[in-house]
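Presented below are the structures under discussion, each in the form of structure tokens.
Two complexes follow with chain A in common, the first pairing it with chain B and the second with chain C.
And then the complex of A and B:
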């Protein structure tokens, strides 16, 4: 009986290959098929449409048309660099501020245990359950002339703040406020890669607080820091509501230019060209960052 | 253009301003007939009765129909997307109404061009799109003229049958029904500025005289249109190189001198109330009506008393310095139509629904042309009439409208929009 079973196993024929697919279909590929289809329909397809539209002439509302570079030429000639510069600046400065704010906060959260940690995490996550534009409108009502801060100060001290919105720092504040969780939680995960024993060993060997931070904590937590920074940089590049509500027209971001082109501008091709440039910009930032670091090694996969 | 004289505390009451407006209107030659507009035609009451009868008949007809699509997809400005308007219609017809509010006329037109005719049944846009673009492009379908024309009897003077913007070029096809309308010029707080100074000084009084103290209400096509008038010509024709240069100079000046830029009319109204800004460019009755209903009657719409040279006629020697918009509701050329779409247009003309379209939109009140019918007008409270600048027998609103040219298509819009976006970006340079 045993021999028969062994024989049967050794003679088991190779799994037949699909007639449609000449290569062997792996189980991993089959398992990934739903997400591949979803990504193709929901991501690659629209991206391809946007790319094609960006080469269509002005006034095109459907794909057929003679391709041209006029949209890209217009973008260069019509000072769109101002919007790109502001979007890049806002993304960069916001990431720097978020790093400064979130790192110590994450360290503190790691050290707090039990119910207090859960409560603090809940308090940080709770705003995410409220729509972004409502939260931003709340800050407008807080900071604006005659708003909560101005009114309360006037009643209590007789002093007035006037309007504290309608400026670039207000926009930066809005971006940092909205995207704080997107920096905090990856850093928290990154700090999870720092074993307490490694830190204690470093101290035992005479390392100063700064050296332990520089040589032990920071490198081990870097995957989280990097992921948080990239995430915040890319989504801050598309900042729209923050500039609209808190900036009140003091500057124009690329996202606002794209919205204008698709709506009042009746210029889908230009909106598409601006979108393509934004995607290239965000993609380049990710590519550059990932070139400098080996995420697999950091995560200990090899 | 000295800002010092206009930012003194202007303490005239609303009534005083009303009197002053009427006097100014008379001074610039507004005909008495125009000032009495708002009182509708002699047939207005009959028109309202016809609307009720037609609605009852339509409901009975719908009840007798089987196998009709009971979903009604509505793409419109905010007046038609709210529960006070939609719930009674749904209740009486069994329709499942799916409203989507517009963000701009051009965006909605592009939506239809991009295949939205398969989605939408009813489209509500400002006048001229229907006649100049939607109907010629086959995106909307004409109404039954015999059935709908009698409803025009309800309208205030100036919007009677046959109405130019509701008909196609041949005059044969009825393209839609009018309802909300409003004059557009500037909006100011009379606490901060003398509205008569703005009326006589026009748009440049705000751009130059109120430098750093006004907000731009950033409805892009409207900013462009008013800047054309500020530059001395109407927007609705092709423009010379000199006119484009004048436009460029003024649009850059407009953005450079503005304190705030926002597409949130409520936020700008709040800024006027707190004294953060003295007024908005542009401004309309609808941009200040909600605040006026809350008692902030110091916020008013003003229309420049003098318009471009080409608008000056023997009847109007000072021309027309504002733009009046008129919303027209049409049937989308949906390949799978539903009779509910036509029924909805009829329903909106019943006096109760017409009042709700005017007064129950979120964040704004607008006059409707059906206020010519006493059955509609009588439903408005005095405060609501004050909010929409109605005045004695509609004279205040009529005098504002009389100073306006009709909204139309700007053939140089693309080039002007490019200049507009450049001027806006230049604020951050």
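And then the complex of A and C:
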């Protein structure tokens, strides 16, 4: 049953090629050129510079210098791996929680039909447009001692929660809250690849709920789930505000280390070396997973 | 599955959506409450409310300037990114060309990238090539992140239309410019508009990129950050709520226009 469904989905008709212009190959390139230039000046250039700086001697503020590995040695010797471990832990746990929260949410939104589903999705995603620090400040006022939760509980039950911020669970909560839309959207797109008929047919053939989920829904929705997880993993690896506002220094993340190296520390090469390590970590995860996903199909090319 | 079973599932799922929705908006509500609290530090339940923090906000020259800066940046970013992304989306979704797969993948990297690191890298870059940082450099920094997103938004629209229409027009003797003006542009219109909206809102709410690349100029999120770190005042939630409401209005107006655009087709 399952095999048959997947097979019919993968058999895509060859798209008729555009016969518009003889110089077809370069047409796309010309259209992409402005963005390619933007990314060269605004992304690849700066990243190359960061890479070069990471091999400069400690505390240099200009490029010519004898290359060395001392920044990387420093990172290993001066316990910077602790902040790497924290960042990795935060990113991992947040992805797991977000998967558990967002999958049923996406399923629920898929069940609703028509304009209402669009509206609800929009309402969930809209907070994305409010600056992160405003929303985090809101949570601090909610969870802090004397804040909304503490005060309301005292009035209703007489109990007090005290301060629930400035700890690791609060940071995890903040990360999950901020990045929820980034997990929800790809999963929604992924679930769009599961045809209704396939699920219904499986039920008709006597498949249990669990079997239908495991053998039909999950494999077909996998690209979306994968992209969502990856996206959330990578952005929460760079989490910075969450630890600052909801954690108030209980732990230090890599992004905070990088910031302090560049600002108070005045040690550009160290900040660069830390950035390079983080980029390598995030980049390899993205690259590995993206090779398995067909973007054309995800976004609905016909 | 029995009908009762199905009904129960539906109820549960609906309740779940409602819970998540409430959670998404709790911080905004709290920020709103804090902004009308009379006391300097927010304590719930609030003893007295007052509008004095809004009056102070209204009178603050710094706040005025930061709103103007944020708005200027958002408009510049949105205009430039829509133009770049329009052509980018055609290259992304419409044309078959050799570098297309690579282009599609590379385009995602800035979106996936930790913004604090991108901001710092750009700061280093601007410093090294000797550019004085100001709101203009922030426009550039945000373009690196927003153009790819807007490209994706327009690309989704571009996937949805049939290129045979263009070919038919070409066969009937229309010029490239005519095809572009009378077919491509109107068909992509809703996507372009949605992209513009996205760009304005993302730029309006962006903090990390602006923080590291704006030099002496201060955007609204930066002003808020400064106050949060350097000494809380209820002007923080007041300004916060104003930006939330403004963002909401832009979104609502935008969606109405978008709905009209979609219906026209």
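As a working rule, the second predicted complex is superposed on the first by the 258 of 302 C-alpha atoms of A that agree within 3 Å, B and C clash if a C-alpha of one lies under 4 Å from a C-alpha of the other, contacts with A are read in each partner's own complex, and residues count from 1 in each chain.
FYI, a residue touches a chain if its C-beta (ideal position, glycine included) is under 8 Å from a C-beta of that chain, and two chains touch if they have at least 3 such contacts.
Here the structure is a predicted model, which means the values were calculated and not measured.
Enquirer: May I ask you to decide whether A:146 touches chain B, chain C, both, or neither, giving the answer as first, second, both or neither?
Expert: After superposition on chain A, A:146 lies in contact with both partners, chain B and chain C.
Enquirer: Name the chain, either chain B or chain C, that contacts more residues of chain A.
Expert: The partner making contact with more of chain A's residues is C.
Enquirer: A:29 in the overlay: touching chain B, chain C, both, or neither? Say first, second, both or neither.
Expert: second
Enquirer: Determine, under the contact definition given at the top, whether A:241 touches first (chain B), second (chain C), both, or neither.
Expert: second
Enquirer: Contact-wise, after the overlay, does A:92 reach chain B, chain C, both or neither (first, second, both, neither)?
Expert: neither
Enquirer: Just chain B (first), just chain C (second), both, or neither: which does A:262 touch?
Expert: After superposition on chain A, A:262 lies in contact with both partners, chain B and chain C.
Enquirer: Answer with first, second, both or neither: which of chain B and chain C does A:58 touch in the superposed model?
Expert: A:58: touches chain B, not chain C.
Enquirer: Using the superposition on chain A described above, determine whether A:78 touches chain B (first), chain C (second), both, or neither.
Expert: Touch partner of A:78: chain B, not chain C.
Enquirer: Is A:251 in contact with chain B, with chain C, with both, or with neither (first, second, both, neither)?
Expert: After superposing on A, A:251 lies in contact with chain B but is clear of chain C.
Enquirer: Return the residues of chain A at which the contacts from chain B and from chain C coincide.
Expert: In chain A, positions 146, 245, 262, 268 sit in both the chain B and chain C interfaces.
Enquirer: With touch defined as at the start, can you tell me which chain C residues reach chain A in the complex?
Expert: 1, 10, 13-14, 16-17, 20-21, 23-31, 33-34, 41-45, 83-85, 87-88, 90-100, 103-110, 112-118, 120-125, 128, 140-141, 143-144, 147-148, 151-152, 155-156, 159-160, 163-164, 166-167, 170, 201-202, 204-208, 220-221, 224-225, 228, 236-237, 240, 243-244, 247-248, 251, 255
Enquirer: Which positions of chain B touch chain A when the two form their complex?
Expert: 103-104, 106-107, 109-110, 113-114, 216, 218-221, 258-264, 267, 270-271, 273-276, 413-414, 417-418, 421-422, 424-429
Enquirer: Spell out the residues on chain A that touch chain C in their complex, using ranges where they run on.
Expert: Going through chain A, the ones touching chain C are 16-20, 24-29, 31-36, 38-39, 42-43, 45-47, 49-50, 53, 63, 101, 104-105, 107-109, 111, 120, 122-124, 126-139, 141-142, 146-148, 150-152, 155, 177, 180, 203, 209, 230-231, 234-235, 237-238, 240-241, 245, 255, 258-259, 262, 268, 271-272, 275, 278-279, 282-283, 286, 290, 295-296, 299-302.
Enquirer: Which part of chain A faces chain B closely enough to touch in the complex?
Expert: 58-59, 61-62, 74, 78-80, 82-83, 86, 140, 144-146, 163, 166, 244-245, 248-252, 257, 260, 262-268
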